[in-house]
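The data blocks that follow each hold one structure.
Below are two complexes that have chain A in common, paired first with chain B and then with chain C.
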Partner chain A sequence: MTAMVERFLRQKFESPLVSVTLALLALLVATPPALSNGPARLVALLLIASGAVSRDASSGALQMILARPISRTEYLGGRLLGVMAAYAIFLAAATIFAFLLSFQFGGTATLLSAALPRALLGALLDGLQVAVFLLLLSTLLPSFGDALGYLFLWIGFSAAAGFGTALGKEGLGKAARTVQANLLPDARWDAVLAGRNLPTEALGRWVLAVTFCFVLAAVVLSRREFAYGQD
Partner chain B sequence: MTPVISVEAVTKTYGRFGQKTRALDGVSLEVRHGETLGLIGPNGAGKTTLLSCLLGFLRPDSGSLRIEGRAVDDLWVRARTGYMPERLGFDRDLSGASFLAFHWRLSGGDPARDTVEVHAAADRVGLDRLALGKKLRTYSRGMLQRIGMAQATLGNPALLFLDEPASGTDPLGVAIVREHILAAKARGATIVLNSHQLSEVERVCDRVVFIDHGRLTRTETLTGEAASRRRSIVRVPPDRLEQAREALAAAGISAEPGPEGALRLAETSETDVARAVKALALADVPVLEVRSSAELEELFREAPPS
Partner chain C sequence: MDRTEAPPLPQSQSRLSPVLFWALLAAVLLRIVTGVMDRGSPDGGVGLVHWQPREKAAALAQASGRPILYDFTAAWCAPCKLVDRDWEDPALAEQVNSAFIPARVVDRTREEGRNPPEIAELQRRYDIAGFPTIVAAAPDGRLIAKTDGYRGKEAMMQFLEEAKGKR
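Let's turn to the complex of A and B:
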């Protein structure tokens, strides 16, 4: 598993383009209020996690790995751990940038409060949910289809909910909101980690969504066939 | 003797809707312990599909594949397997050293021995340390082929599946691949080799199977007592071919003329070949070459027997 994580980190951070882009995004995330820039964190995660399985499959690397004594679920677990390790490094870099910015422009006291560890852990847990969903899409779709699929689904659910309400089709709006709430629940980690509203319905949904996506990804991967270097 | 690899009536079809292609059509074969089996056939015959089924990448529609009596994707089997794919598009962003170290660890190797094993593997295939530090995307086809061979033989696996291991390499690369296969054979590994380089197949394989349109059409044993295709070939100057035939006939050796002054001897024992060479020398016919060949190319051209 360590080897799988190390390989993932090398794949990501040995690419200068990816490293520079992630550094710029970390700088964006570091701007006050630190770690609260959700879209920048999401873009970073998409950059890190997209193609985690599909690119290995299309390059032929997956076939070489699967010829080794490693199960497909272990491989998937290794990829997920790799994504989370890379994301943790990204968040650590953002935190360092946040401290550097606070020394320059003030606001160090806020960063030294208990809110920072909570924000970091919350960002990681949010990231885990997105990462595992992207991993599921990556077992199904070729190349960077997982990132596109995620964005399309997110936009699709939001649009369907909006259209449903606008057109007076409450059923459509409700269905879209229900799917979105179950597949991509907002666990509101700040409140949960602060010890408020525990346990929440959203937290339960988060646990179910993460488990469901990983198990489904493992099932899909275990059933998939890999002809030579094909998706 | 129980076969190491057992393939029984395997059928594999591609395409779910519309036009279906039957890549494997009732293929059955066995590979014994320590045997090197060559898969021969035209492009699209089903060789790579068979190899993919043996590695567990593809599941057959029907039939069974067992390795050492276990399922092909059993982790015990995989721990003893080395594999080299035809397509070398793997991990282009990793350095050669990282790539080999990763596969060494995946195969269950001791991480503390990473560097030693990586350097030893690179030395075996003639890759220098400088190349090991470079990213695989900068490697030439020949270098990728070499590092592919190095990763396949990491930890001396008991089973080797090689898909066109020498395709695109220079003559030195071809020789390195051959040496690796022969070294693996010498330590008792069971090898399945898919290659279009018939001369190389002939040099390393104990047996070859011909696959065409997904069917196993022919099996030829190339080594040992059961070798059915081995021929001794003596080459003389083309203008002395008739004289050579007469000299051999006078010595009681029947020979069939081939192209470019080649004479195929019906007898294959070393004594008979020595007698033939002596007869030609006594008749003053220069002997340009003496070799033993299974003439796989000729076999390849022949219409496969049903």
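Let's turn to the complex of A and C:
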């Protein structure tokens, strides 16, 4: 498993373009209030997690890996851990940048409060949900289709909810909102980690969404057949 | 005759671990339990502020003579999460708890298509155009002060001081 995580980190960070882009995004995430820039965190995660399985499959590396005594579920777990390790490194870089900025412009006291570890852990848990959903899409779609698929689904659900309400088609709007709330739930980790919002329905949704996506990804991967050098 | 036993066949790499299905079952159960436990809970639970149920806020304000502090917010709104983080600040929370009757008003338009009538009525009364909006209102419902958008902890402190002064 450790070897698979190391391999993922090498794959991601060996590209100077990806590393520089992630560093710039970390700088954006570090600007006050630190770690609260959700869109920048999402872009970083899309960059890290996209193609996690599909690129291995299309390059033939997956077939080589599966020639060893390792189950497909273990491979999937290794990829997910790799994504989370890379995302943790990204968040650590953002935190270091936040401290450097606070030394320069003030606000170190805010960073040293208990809110920072909570924000970090909340960002990691939010990231886990997106990462496992991208992993599922990566077992289904070729190349970077997972990142595009995620964005299209997110926009599609939001648009369907909006159009449903605007056109008076309450059923459509409600269905889109229900799917979105269960597949991509907002667990409000800030409140949950502060210990004042347990148990919330959103927390249950989050656990189910993460588990369901991983199990479905494992089922899809276990049923797929890979030809050498093809996706 | 060769009497050596044939080695056991290796497990298929495609075989799914039963642990996955047990985990899925546990997640479904947790989803059901949290759904049942969360039903009917107030829109509170954020920060160190002692949020009161929205329906009781007016009565509590009239009994205590303190103004109501409405936090108009929404689950999808990112700046609202910054305000929520500020409610964790002990000094700010103390200021709110000692001088106001705090109540959260969570918009449900995006989730459910429309708001319950009492939330829609509050939003109309205080002319809420966006989130987050903080409103200080007298016990009789009269508007004392209003601020919208996220402006930081210091600005919130100043707003609370000014609202206290105007009551």
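General remarks:
Note that in this section the second predicted complex is superposed on the first by the 231 of 231 C-alpha atoms of A that agree within 3 Å, B and C clash if a C-alpha of one lies under 4 Å from a C-alpha of the other, contacts with A are read in each partner's own complex, and residues count from 1 in each chain.
One rule holds for everything that comes next: a contact is a pair of C-beta atoms (placed from the backbone, for glycine too) under 8 Å apart; a residue touches a chain by one contact, two chains touch by 3 or more.
Note that the structure is a prediction, hence the values are computed from the model and not measured.
In the superposition on chain A, contact of A:188 is made with chain C only, not with chain B.
Applying the stated contact rule after C-alpha superposition, one finds that A:15 touches chain B and leaves chain C untouched. In the superposed model, A:71 lies in contact with both chain B and chain C. Residue contacts after overlaying the shared chain place A:140 against neither chain B nor chain C. If you count the residues of chain A touched by chain B and by chain C, you find the higher number for C. By the document's definition of touching, of the two partners only chain C reaches A:36; chain B does not. When the shared chain is aligned, chain B comes close enough to touch A:6, but chain C does not. The interface of chain A with chain B overlaps its interface with chain C at residues 66, 69-71.
Interface residues of chain C, counted against chain A in their complex, comprise 10-11, 13-17, 20-21, 23-24, 26-28, 30-35, 37-39, 45-47, 75-76, 78, 81-82, 84-85, 88, 109-114. Those residues of chain A that touch chain B in the shared complex are 2-4, 6-7, 10-11, 14-15, 59-61, 63-71, 225-229.
Contact residues of chain B toward chain A in the complex are 14, 48-49, 52, 55-59, 75-76, 78-79, 81-83, 85-95, 98, 101-103, 105-108, 111, 135, 151, 161.
Contact residues on chain A toward chain C in their complex (touch as defined above): 33, 36, 38, 66, 69-73, 114-115, 119, 161, 164-165, 170, 173-174, 177, 181, 186, 188, 190-191, 194, 196-197, 199-201, 203-205, 207-208, 210-212, 214-215, 218-219, 222-223.
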